[in-house]
Amino acid sequence: MSNSTWNLDPSLESAAQVHIKPQYELFIDGKWQAPLSKTYFDSVNPADESHIAKIAWANDSDVDLAVLAARSAYENVWSKLSGAARGKYLFRIARLMQEKAKELAVLETLDGGKPIRESRDIDIPLACNHFFYYAGWADKLQEAFAGQQISALGVAAQIIPWNFPLLMLAWKIAPALACGNTVVLKPAETTSLTALKFAEICQEAGLPAGVVNIVTGYGDTGAALVGHPNVDKIAFTGSTAVGKQIQKACIGTAKKLTLELGGKSANIILEDAPIDQAVEGVINAIFFNQGHVCCAGSRLFVQESIADRVLEKLKFRLQSIYVGHPLDKNTDIGAVNSKKQLETIERYISLGIAEGAEMYQPDCTLPSKGFYCKPTLFTEVAQSARIAQEEIFGPVLTIHTFRTMEEVVQKANNSPYGLAAGVWTSNGARIFGLSQQLQAGVVWANTYNKFDPASPFGGYKESGFGREGGRHGLSAYLKFSN
Amino acid sequence: MLASVSPLELNAIMANATSIDQIGTLERIARIQARSIKGSAKLQGLRMALSMIDLTTLEGKDTPAKVRQLCFKAQHLHDQAANLPTVAAVCVYPTMVGVAKKALGHSGIKVASVSTAFPSGQAPFELKKLDTLYALDNGADEIDMVISRGRFLAGDYQFVYDEIAAIKELCATIRLKVIFETGELDSLDQVRKISDLAISAGADFIKTSTGKIQPAATLPVVLTMLGAIKDHFDKTGQMIGMKPAGGISSSKLALHHLLMVKEVLGEAWLTNEWYRFGASSLANDLLMQYQKQMTGKYQSATYFSID
Amino acid sequence: MEILKTYKLYIGGQFPRTESGRSYAVCAPNGKQLANMCQASKKDVRNAVQAARKAQAAWTSKSAFNRSQIAYRIAELLEARKVQFIEELQAMGLEKQSAEQEVQMSIDRCVYYAGWADKFQTLLGSVNPVASSHFNFSVPEAMGVIGVVACQQTALLGLISQILPVLIGGNTVVVVANSTQPLCAISFAEVLATSDVPGGVVNILTGEVSELLPTLSAHMDVNALSIAPIESKLLTTAQEEAIDNLKRVRIYAEPLYVKSAQGLSYISDFQEIKTTWHPIEQIAGGAGGY
């Protein structure tokens, strides 16, 4: 039998069962309401730049209505329910999400550009499980914080990014509701659809009106929400720059704040690492979700004695990473979320070259329409290069070498960010020793980008404060008094 | 020339074998298994897999008639379908090599013989040599030997190395497959170590199992062995073949194997010169899948000859 | 003409009759015969313990999340069969309102423990700040096979209050049901059999407590006992028998059918604690330790 090429055929997931309305209103007080702003904006499919739907653009007055609805629901309904009852609503929501998993996955991919394999196997299951997890805490809060006086905060304003739309929604809404708060959530403007589908699920679950409100819009909508005086708590996931603006806006108010911001996480391979699994870990760390991950392992530190070998293996591995249409089940790297983001990434790539780093991209053809970027490696990168310091938020990896563990700890910590870190070694004592030294809220040893509802996630330094997930994730949504 | 290695070199081979993280291995496999193989890629894959089968019968109750029937099936997988490939080889005990050789004639299908006191390998080395010579004298085109697992687990790597090297010397240009019986080994680290050792001792192919115990050719074990083959190739430019055996009875699994080879080694290994499936029931499942692709209808096992 | 139901035992995911072939009648308070129950024997206890042991390793290896999903499914199916359970309770003498309340509380208790399945570890486990350069952590682990003498005062809620916390903790159980009001126990077995609970994880025997408990409490392959209030001589004997393999014995003097009979302690009652140490390498001048 001769050596012919064997390539996978495209295997497109069908979008047939997904019901997308031509126009979406705001979800306020359990009803779909046309925006007082009378304005709508377009949602675009980044895979091919086609139009998906019109989304309502909430203005200050719309936000005001939403907060009012959340307040009323809190005072009159939600705060009067037992924890067990709140838990039952959350269980119902979780079940409905499970039942509609396929539809949600396809919708997420259409709207945001991430590969269907990831939305189907990672995003949606994690989102469902997050609701299941927090449903169970709702009537056990006192045990979670034994010996402390706890109560709900009231109305939570939540702003989420476009990289994991439904998952970030779950991370925000599930614990908030479990703890007895009501919410007004603003999804990112490029990815509103799964949040709006979630609103339908809330209706189907019989969730009391006003407990969850979804206001769609741009940054101005978010600002109005954050600035609203009748909000008790703000939870924001997004860029460090905006996070700082929000922190400023909270001065002089009693609003509780948690922030989950950017990162430039170090992924460290020691010479005694299980090298093939480490290489796979690098792939997962930077190319998962096209690198649109706050905790992406975007700086690879490899011990000098194995650096050439690791690079050789990385380049070989990239040959079987497919950049393609997000709905193709075999796509590994889908579409970049927006034109704006693609331009940002391309600017950084040019910058890297200008800064004297050596760039490598595998040979592959990108689709002609849509926003796509090849996986990119940079070697010969200085610690002081901007591409090594600033968050790129794309499939771009800077590779650095080190000689000793002391050196790599210093370099890894030499960043205003501190979200995550990866450590690859076959030596257990080093795992714990390095974990202790690294200034990161999440340390992954011999793995990367693993998430679980039971595992607390959050950053050190300018990567934010507060934790989401686990028992620790409840703290953000409770008032502690003595 | 007998391949030889000094104790120091051998220690280096064993000590430098890369450590394997089991969970990371499982995750890589999960990713490969999430691939969707459809349409013409699937048809092509099924044909490749068929051509890579070592159709096997290794039972105490094998008779010449049974072997002849198997050899016929090897050449006529399913004549109702046009243009199907034949299998790569038939795999039998040394006492059946002559029968198989005669039955296969000039078909191009090879006769692989197990040897070295297959399956246990628990016999004096002289007997293992005789076993091998007997198979070679009867015309075996390939030899599938077993390693001494007990010696390996006891840490006697020199012994294991020497055995392989000696059998390879007997084989000369006849290709030698070395069976590890990975189901008896402790961890993926050991699988990696034995792979490195066997390759340096002269193995042409490394093979997972005898097919007599479970677990046999699991994907994590195969991935680990492919890693050893790739590293050896990167270092020396020499290609080594891979043969998973036992426990591969579904087409889906076989196709994932091939995908794994493509992504981990590269397409040069996607021929029966470098990849074999040690299997008996896999052939009919591949044929059923093939017919389903061709006709659009799900098939029934009744329509495919057994042996 | 109705087809009357036969109530058999629940062992290893199946519904076998007692190997002794014996049965006993269960009657309503007004004397009307409700059913013939299997009168389980020592050998049934033996078989049940075997089944429980066989199932335990796989049950405890499931992810906590998986066990929580299964517990939630039990609640769903109990909810779906609410009417059947209410009728059984009424037949055995409860007023309609009490029966409804008991079934509702049982469902709620299943949901409650489903929620604990993947959280109790966070509260019962810990990372311990030892003074040496070691990472030291404690985790709860299932004890193994638990013998349960079910609450003899209620037919359903007591049973659930005892089984669920043990189950979600990764243990498997052999239950001696309420002997005079056993119907709900076997109907509950039907719920378990259709809730993705693997066979052998829960085993339910009906019969004389005084006959079955001694075998259970003396059995060397049972790791712990959960005993609801029973006659004191029987209790004393059971405790004495339990000593040979140092069973952990939990005696619940308080009623198990009340609102407050649920909590973390019901779970920790059947958890061991395992503490592991691992060195922390001292890097960059760090002193190790937490």
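Quick notes
A, B and C label the chains in the order they appear, each numbered from 1.
Criterion: contacts are C-beta pairs under 8 Å (C-beta built on N, C-alpha and C of every residue); 3 or more make two chains touch, one makes a residue touch a chain.
What you see is a predicted model; the values in this text were computed from it and never measured.
The most centrally placed chain, judged by C-alpha centroids, is A.
Using CA-based centroids throughout, the chain positioned farthest away from subunit A is B.
Averaged C-alpha coordinates put the centre of subunit A at 44 Å from the centre of subunit B. Look at where the CA atoms of subunit B average out and do the same for subunit C: the two points lie 49 Å apart.
Work out the mean CA point of subunit A and of subunit C, and you get 40 Å between them. Those residues of subunit C in touch with two or more other chains do not exist in this structure.
By the touch rule above, subunit B contacts subunit A in their complex via residues 18-21, 23-25, 27-28, 34-42, 44-45, 47-48, 51, 85, 227, 234, 258-259, 262-263, 267-268, 270-272. Taken in their complex, subunit A has these residues touching subunit C: 84, 87-88, 91, 129, 132-133, 135-140, 143-144, 405-406, 409-410, 427-430, 432-434, 436-437, 453-454, 470-471.
Those residues of subunit C that touch subunit A in the complex are listed here as 64-65, 68-69, 72, 108, 111-112, 114-119, 122-123, 135, 263-264, 278-286, 288, 290. Within the complex formed with subunit B, the subunit A residues making contact are 1-9, 11, 117, 121, 272-278, 280-281, 284, 312, 319-320, 329-330, 426, 446-447.
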